[in-house]
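Following this line, the structures themselves.
There are two complexes below, and they share subunit A, which is joined by subunit B in the first and by subunit C in the second.
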Partner chain A sequence: MALLETKGVSIQFGGLWAVKDVDFLIDAKEIVGLIGPNGSGKTTFLNIISGVYRATHGAVTLQGEDISALRAYSIFKKGIARTYQSSRLCWDLSVADNILTGLYSKQMNGFWDVILRPRRVDSEIYDSLQECMDILSYFNPGLFKRRYELAKNIPHIDRRRIEICRALVGQPAVLLLDEPTAGLNGEETMQMMKDIHKIREINKDICIIIIEHDMKVMESVPERIVVFNAGQKIAEGIYNEIVRDKDVISAYLGGAAI
Partner chain B sequence: MTGRNGRGLREKPMTIIFNIVIFGLAFLMLRLPYRYSLALVAIVVVALLRMERKGAVDALFSLYIRNRRVAAFSALICILAIPVLLSTFRYQSHIAVMALIYAMVCLGLNFQMGSTNMVNFAPAAFMGIGAYSMAVMTVKIGVSPWLGMLTAILTSAFAGLLIGLPTLRTKGYYLSLVTMALQLAFVQLIKNMPSIGGPNGISGVKAFSIGGFSLYKAYTFFGVKLTPHFFYLIFCAFALIILVYVAQRIYISRYGLALNNIAQDEIAANCLGVDVPRCKLFAFVIGGVYCGVGGALYASLTSFVGPNDFTFARSLVFICMVILGGMDNPIGVTVGAFLLTVITEKLRNFSDYAQLIYAVLLVVILIVRPSGLIPKRVRDYCAVFGRELLSPSRPDAGPADKD
Partner chain C sequence: MDMFWGLLMSAILLGCTYTLVAVGFSLFFGVMDVVVFCCGDIAIFGSFAIMGAYVAMKSAGLFDSLPFVVCVALLLVIGAVFCAALGLVTYRFSIKPFQNSSELMPLLSTIAMGTIIKEILGLLFKPAVNTVSTALGGESALSVVSGRNPQGFPALLMPNGTVTERNITIIVITILILALLFLFLNRTKMGLSMQAISQNKELSLMTGINVSRIIIITFLIGGIMLAISGFLLGSYQKLMSFDDGAMYGAKGFSAAVVGGLRNTWGAVAGGMLLAFVEVFVSGYIPRGTSYASIVAFVVVVIFIVFKPEGIIGEKTAEKV
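Our next item is the complex of A and B:
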C-alpha cells in the first residue's frame, strides 16, 4: 500500500480544469519531483493534497485513509506538511515563534493550562522550543543566535530553511516542497539541495514531493519525476527517461534542453 | 553568576523606584489640574517614544521579569497607595475607575484587533451587552451583583460566539462592516425595547458588596470622609490585574501564537494545523468575556445604563486606545486606555475643542509611530520561564555558540 495516493483527482475553476484525472502514488522514503510548464497545475495539485483546495472529484488517501474531505489543519495533523512557492512566514514574529507554530497541534496544553500554567506546561513549551532550535541549527547553526530576530530581517535562503523547519518539527510523513530554490542564486541552490538531503537525515521515513524548475536539482534530488502539462500527468519515470520523452520535450523542456 | 547576584542587589531598589515613578506619574496625571496634567501626558508620551526607540522599555520589562517578586510587591503597594492619595477627590477617583474599566474592554478588543487583525468595530456593543445584563439581573430580577456579573460575562461571551460565527466567512474590511452593523443595530435595538428601559435606560444598578460591606459607598475613617470610589477603585484595579495577567499568558501561549499566525496568513496557519475558525471564535469569545467584565463594572459604577453610553463613537474610542497603546501588547493597551481616558476627561473644560485636540493627537501618534506607544514584543519564553535554551550541539552542527 502506498503512503500517499491520489486517484482521478480533478479540480475545476470556472470552465478550466486546473488538474484533471491525476493518479499518483508515493511510498515512504521516496522523493518525487514534479515538473511542468507554468500553469500546468503542479501547485494546485499540492494545494489539493494539503487541503487548501478540495478536489472537484477524485480521492486522496494517506496510508489507506481518505483525506480528501478533511480541512487543511486536519490534514496537517495526519502528517502532511508543506512549504510555499514564496515564503509564507509571519514576518512580524521571531524565527523561534515561526517554527514553534509548527508544533501548535502537537502541544497538549489547553486553555486552563495556559492560564494557570503549571510547571509541566512550562516544560512542554520549553521542550518544544528546544526541539525547534535543534532542527533549525541542523540546517544553519548561525540561526540559533538569531532566533529572536523578526522573520522579515532574515535573508531569503534562511527564510526558506525556517519554512522547512516549521514544516518538519511536527514530524510529518509527507513533506511537500513548492519550489524550494525559487529566487535563490546558483550557490544557494546547491546549499538548498544539501538541505533537502538533510531532511532525510532528520526524518528517515519521510517522503518528499518537490516542485522545481531547476533541472540540475531534478537530476540529483528526486528518485522519480512526474511531468504535468495542462493539468494532466503526461509522463512519469526516472530522470534519464523523462529527458528523452518526446511529449515532455515538446511540452516543457524544449528541443535545446538536452 | 556572581556578577548576576551583584547586579541583583542593585536591581531590586531600581525596580521599586521605577514602580514609584510609574504609579506616581499616573497619580499626578489624575490629580493635577488639566493644564499640568495634559503637559505631563505629553511629556510621558514623548518619553515613551524615545525610550522605545532606545530599547529602554525592553530593558525595563526585562528588569521587571528578573525581579518579578519585588516588582509585583512594590506595584501592589503603589496600586493601593493611589486610592488612598485620591481618597477625598471624587472626580479624579471616578476618572481612575473609568480608565481601569476602559482598559478591560480594550484588552478584550485587543484579542480580535491586535492579535488576530480582525478589526471589531463593536467593543462598545459587547460592553453594553455586559452592562445591560448586569442592569437587568440586578434591577429587574433583583439578584446579587455578583450573579449579575457572571451573567454579564456569559451573555457577552455568547454574543461574541454569535458574532464570531458569521464573521468566520468574512475577512478584513467585510468583517469590520459586519461588526459595525452589529454596533449600530445594538443601539437601535436597545432604544426600541421598552422592557429594558428603551431610550431611558435602566437606573438603580446595585453596587458590589462583599458580605454586606458595600464596595461603592462613602465611608468615614477617622473623621475623613472618603469618596465612594475608594474600595471600588481597589476592586477594579485587582480585576484589571487578573485580566492583564490572563491576556499576557494567552499572548505567550500557543493560542497567542496561533492568533498572530492567522493575522498574517490564514492559509499558512491552516496548513500548520491551526484550527482557524475555532481560533477566531476563541478571540471573539474571550474578547466578549473581557468586555462583559468591563460592562458589568461600568453599570455598577454609574448605577445607570442607557443606550448612549454604548454608541459607535465609544467603539471608536476603544479602537483608538488600542492603536495608541500598542497593538497586541496587554501592557501597552492598558497604558493607551489610561492615557486616552485621562486626556478625554481633562479636556472636558473645553468640550468645544476636545474632539479636535483628541483627533490631532491621534493623527500625530499614528504618523510618528503607527504601531503604538508600546508595540508588541517578541516572545522571549526563556526569560519568562527563567530557563536558558541549550545551544544545540550535534556533532555536525558546526561550532556550538553560547549566548
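Our next item is the complex of A and C:
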C-alpha cells in the first residue's frame, strides 16, 4: 500500500478543470518532483492534497485512510506538512517562535492548566522549544545562532529554511515543498538542494513531493518526476527519461518544436 | 487640587467604559480583519438584557429568596449569554456571508446589524411608567415611542456604597477583565491561535488550527466581554438609552484606531486618551462640556494624520 495516493483527483473552478483525473502515488522514503509549465496545476494539486481545496472528484488516501473530505488543519494533524511558494511566516515573531508554531497541535495544555498549573505549561513550551532548536541546529547551525532575531530581519533563503524546519518539527509523514528555490540565486539554490537532502537525515521515513522549475534541482533531488500539463499528468519516470519524452518537450516548447 | 483628583477619577472611569468597547473592536478586527461596527450596540443590548432580566427576576421574587450577590451574578450570566448569542448572530448573518467579497461589505452589514439591534431595543422596552400615555388616547403608538426613552439601570454594583466606592469597583472590574483577557490571549493555546490567525490565516490553517472554530470562539468571548461592558456602562450611567450604542461604538472605534486597531493594549491606551481629553476639557475649559466630544475627535483626527499606525501599533510598509 502506498503511503499517499490520489485516484482520479479533479478540481473545477468555474468552467476550467485546473486538475483533471490525476492518479498519483508515493511511498515512504521517496522524493518525487512535480514539473510542468506555469498554470499546469502543480500547486493546485498540492493544495488538494493539503486540504486547502477540496477535490471536485476523486479521492486522496493517506496510509489507506480517505482524507479527501478533511479540512486543512486535520490533514496537517494526520501528518501532511507543507511550505508555500511565498513565505508564510509571522514576521513579528522570532525564528525560534516561528518554528515553534509547527508544534501547536501537539501541545496538550488547556485554559485551566494556564491558570492552575503554569509550571506544567512552561515546561511543555520549554520541551517543544528544545525539540525545535535540535532540528534547527542540525539543519542549519548558522541560522540557529540567529534564532532570537525577528523573522522580518532574516534573509530570504533563511526564511525558506525556517518554513522547512517548521514543517519538519511536527514529524510529518509527507512533506510538500512548493518551489523551495523560488527567488534564490544560483549559489543559494545549490545550498537549498543540500538542505533538502538533509531533511532525510533528520527524518528517515519522510516522503517529499517537491514542485520546482529549476532543472538542476530536478536532476539531483527527486528519484522520480511527474509532469503536469493543462491539469493532467502527461508523463512520469526518472529524470533521464522525462527530458527525452516527446509529450514533455512539446508541453514546454510548444507542439511545433517537435 | 480636589477638582483635579475628581476629574482624574472620572477620566479613568470613562476611559474604562470606552476601553472595554474598544477592546471588542480590536479583538474582532485582529482575528477577522473586519470592523464590526455594532460593538457598541451589542454592549447596550447586554445592559438592556440585564435590565429586562432584573425586572423578571424581581417580579418572580428571586431577589427576596436568593442572596443579592447570586442574583447579580445570575444577571451577568444572562447578559453574557444574550450578548454571546448576539455575537454569533452578527457573525453568521452579517460577516460570514460576505467573507469573500469586498471589505466594505461587512462594514456596512454590521452597521445595519447595529441599527436592527438598536431598533429592536427601542421597540421591545415599554416601561411601566409610560402607561400614563393611555390617558392621552393612542396607547400603542405612544408606548412604542416610550421604549425609546431612557431606562433606569438598576443599582446592582455596591447598592449600599458611596459613589466613589462604586466607581472604584467599576475600575477594578475593568482591570480584572483586561488581566484575564491578557492571560487568555498570551498564555492559552486558544488565545495564541487567535493571534496567529490575525497574523496569517493560511499559515494558521497549515499548523493545525481550526480557524472557523477559533473565529466563533472569538465572537463568543467578544460578546461576553461586551456584556460586561454593558453592565458597567449601565452602573456608570444609571440611565440607558436604546441608541447609546452608536455613541459608544463611535468612541470605542476611535479609541481602537488611535491605539492601533490590531493591538489590544492600544485599545486601552486609546480609550484612556479619549476619556482624559473629554473629561479635562469639560473640567478646565469654561462651558467645555459642549466642546468635549469635538476636542476628543479632533485628537482622533490629529492621530490619524500624524500617527496612522496608532499609539502602540507598528509601522508597516508594503513592498510593491
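Here is the rule we use: the second predicted complex is superposed on the first by the 250 of 258 C-alpha atoms of A that agree within 3 Å, B and C clash if a C-alpha of one lies under 4 Å from a C-alpha of the other, contacts with A are read in each partner's own complex, and residues count from 1 in each chain.
Rule of thumb we're sticking to: contacts are C-beta pairs under 8 Å (C-beta built on N, C-alpha and C of every residue); 3 or more make two chains touch, one makes a residue touch a chain.
Source: prediction; values computed, not measured.
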Room on subunit A for both subunit B and subunit C (clash or fit): clash
Touched partner set for A:Arg82, first subunit B, second subunit C, both or neither: both
Which of subunit B and subunit C A:Pro141 touches, first, second, both or neither: first
Partner chain(s) touched by A:Val114 [first = subunit B, second = subunit C, both, neither]: both
Subunit B versus subunit C as contact partner of A:Ser105, first or second or both or neither: both
Touching partner for A:Tyr126 - first (subunit B), second (subunit C), both, neither: first
Partner chain in contact with A:Arg71 - subunit B first, subunit C second, else both or neither: both
Superposed model, subunit A: greater residue contact from subunit B or subunit C: B
First (subunit B), second (subunit C), both or neither touched by A:Asp97: first
Touching partner for A:Leu150 - first (subunit B), second (subunit C), both, neither: first
On subunit A, positions contacted by subunit B and by subunit C: 50, 52, 71-73, 76-77, 81-82, 84, 88-93, 101-102, 104-105, 107, 109, 111, 114-115, 166, 170
List of subunit A residues in touch with subunit B within their complex: 50-52, 71-73, 75-77, 81-82, 84, 88-94, 96-97, 100-107, 109, 111, 114-115, 117, 122, 125-126, 129-130, 133-134, 136-138, 141-142, 144-145, 147-148, 150, 166, 170
Touching residues on subunit A, where the partner in the complex is subunit C: 50, 52, 71-74, 76-77, 81-82, 84, 88-93, 101-102, 104-105, 107, 109-111, 114-115, 118, 121, 166, 170
Residues of subunit B that touch subunit A when the two form their complex: 246, 249-250, 253-255, 257-258, 260-261, 263-265, 267-276, 376, 378-382, 385, 387, 389-392, 394, 397-401, 403
Residue ranges of subunit C in contact with subunit A within the complex: 183-184, 187-190, 192-193, 196, 199-200, 202-203, 205-211, 314
